[in-house]
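Below: one structure, written as structure tokens.
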């Protein structure tokens, strides 16, 4: 965990309003793990005031990659940065996915920009485990399969892959999957994670989810990012510090 | 007076921390007069909040020119704008210099960035009147003679031209000047204008000064920019609307 | 596509839409009319008028702050008499409801100003600025003293049948108590909020940046505070509210209406984009159309808590 | 070049420099210590501690606003007992004066917390957070009721000889009246300011963005208000002031000292750059050297008005 100013190498719009930014940051690259995130200062002025959290999308040698869509002023400013300009990064933050353990097939499950952390996870799992990527979104534009392996897709409007959400897609493949020893890695909107949780509990499937919450600091000093724990009702867990990745059994979604 | 978004053509650093920006703005160019100013929004976000006032430095056909130094965040953001990006301009504002009248020599008197409005004035006077430009500053770096004619310089530390301030320079040339029928056009720090006022009153020289004041709106609705009138003590004049150019006899400096 | 009803009522005052230009940010309408078609707006509020003309404070009167600005104009204005003589004729040429904002230093003076202006048909409402020093009661602000606010409201109410709006100071602990007093004293509505007290110093000269030392903080920086004040009033007192504070776009207008505002006023934004008020009216209409709101007034106090 | 004296006194509390980390913005020091060498700082204030552990509010607890942020954490904390057991040992390893911030809902509870903590030598001062609902007097905030502030100060003063700092609420008309009561009741100093009450709504769901509806506004947006409050106290009451509100750099620290602060606290900035507090200490030293200030404390209340 450190603060570095790292030069932007290039920004690519891989599909409509989905940007991949390549940044030369040996310090962050060395510490990064799939599922960890970065808290990025998008402006040199005091506006916007707070940093913006982004998953580590991928790491390649000394280079790190971000994936995001422009949803507001912060991401807008980030997308307009010129190659060569420096990006103020606080991180890597959070715990990340636990890729160890005795399973042979990793099922990656993502909705919309929930796909962001998985290129890095795929890179780490590749060769060690079988990978099946179930990727969903509202429509074709919303389904992001960038640098993923062995992909099945779904979209609410049926414009891409199966018609339905990604949890439906998961259910549709459940039978053949549960023959294998699988572990699920999921990221996406909370309603999706909630639906997924039920499926995993019912079929007692090992599943880790990457959660989201409004954040200020990103490393545990503001108490801004609580999430309800299943073990202990007397206190909240912190998404930024205890998470953002949790075993689906441990948190109330 | 209108609001336009005009494309930036180029930014040139004519001397250390003195920037000239060329903007393609037929609308502003058509209405501009020497001594008028523009109120420019330096950011598309709400920070910095207020527009920044800048003199019309020059006009050439459909192109307008700004001259400024980076003194804070607003001018910093402006200086970093990329060619092709649009500049949000409210103007032209204020009254401008009155170049008519029966005088044959225009004496331009500027301190530091007070030089900004004079390339345009010089362009308008050229051929019609004789021009003598007396330009001063704290030191060599501060003396700006960009696109001026028939220039004499002075600097407080003597690193450029006569040692002393520009009003001393004016006094040094007073004798030979007062033989001619002159009109003085001045712009610079208030202390300089105050000193100049005394000289002009004593020698009853016709003199117009361009004044400065913190501004919000720039066109008379906020009452933020008062200046004491010599004619009427019961009310203030407004720098943005009644000025920024005043006959030195009319305002208390 | 059915037409959207943008009209709103503030007590007995009916406006064609909820967008009003705030006092002190558009003078007497002349300059702003070159950018904004006044006949498209809900109403315009004059700069605070006092019994006698006021010169106002010496420079520096304004300074920028993070996402805001401080001002200490010192209520510079032409005074009620000259206003009637020189300013009303111009405003009369425009089809826009005129709200006169009055500032004074005694209850009697508020009444006197109202009497002088009350005869003018073009004036549709009075907005009483209580953020003024009360010379009789030791110079502390009327607006921070609940009794004074009651007295002023009652006294002005007694001399006019026009809509009476009291513009509340935010520099109090519980603004709803002031709104209740206004209601009980016969006021038709409250405006919330006026500026927050603030200051700014030059660290090299160690002097205040504005001559008056303290100034009024306005702009987006104060929007969260303004919204909380409007919500507090709306939840505690049954009186129409005009929401003010940091509005920069149509979304902010909707936000103010949701927390309880019947209409809104736009202030500092006029300095940055004098055309925005009219743009916002059009954008509000689009928003209502796209979300099938037949009447924008249905948004008022539509918060879900 | 002579060495600059950065030490400041807050009543009987002597600090090596005026830069203090604000309550609720550095937890109990653990995480921030990975970025900032605590031994370089003037002091650290704990998150508000209550008698019993508090879970705090459900999400969403924070939202960004123009040049500021709203928070409603709900005083989530481990409680005084666990603080003594689990947190003090870590803080004891660092050479930094510890100020314990206490939150409670009755006068008795404030006293009880103080009694439990008072024995710990490492605790150099108490900062009393009066921005808490007073359950006995109808849930309105202690901090907005001058009598309650007096009572709390007196009661806590009676049970401790450590420095007693009362952290004042800015949501009042005349904060100096509260500072005077603190002084008269035996308080050693006041901290000003805590957050301003604000809110923010989602215009599509029409629901508050933070679960608690209202939150506390902090960050540069409130700096002008904080400076005015500090100046008001400094001009009216002879009591040491710790300036707080929107400090983003060393210049802001100087500005707070000029208007009357003996020391300052840094809050929201820790979230954006947790290394900044130590940087600021070094920059303050440079500033003093370059301007030939032998003692930084000479800056306190050095305003020229």
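Lettered A, B, C and D in written order, each chain numbered from 1.
Here is the rule we use: a contact is a pair of C-beta atoms (placed from the backbone, for glycine too) under 8 Å apart; a residue touches a chain by one contact, two chains touch by 3 or more.
These numbers were taken from a predicted model, which means no experiment stands behind them.
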Problem set entry | Farthest-lying chain, centroid of Cα atoms versus that of chain C | A
Exercise. Between chain A and chain D, what is the gap in Å from one C-alpha centre to the other?
Worked result: 36
For this session: Mind checking the centre-to-centre distance between chain A and chain C? Centres are C-alpha means, answer in whole Å.
Result: 47
Seminar exercise, completed: Distance in whole angstrom between the CA centres of chain C and chain D is 34
Problem set entry | Shared-contact residues (touching 2 or more other chains) in chain D | 66-68, 219-220
Exercise. Which residues of chain B are in contact with two or more other chains?
Worked result: 46-48
Exercise. So what shape is it, when you link every pair of chains that touch: line, ring, star, complete or other?
Worked result: complete
Exercise. Touching chain B in the complex: which residues of chain C?
Worked result: 24-27, 30-32, 34-35, 47, 53, 55-64, 66-69, 71, 73, 76, 219-220, 248, 268, 270-275
Exercise. Can you list the residues on chain D that touch chain B in the complex?
Worked result: 66-67
Exercise. Chain A touches which residues of chain B in the complex?
Worked result: 45-48, 73, 77, 82
Exercise. Residues of chain B touching chain C in their complex?
Worked result: 1, 3, 41, 46-51, 90, 213-228, 234-236, 241
Seminar exercise, completed: chain D residues touching chain C in their complex are 65-68, 70, 140-141, 144, 171-174, 196-201, 203, 205-208, 213-215, 217, 219-225, 227-228, 231, 246, 251, 254-255, 258-259, 302-305
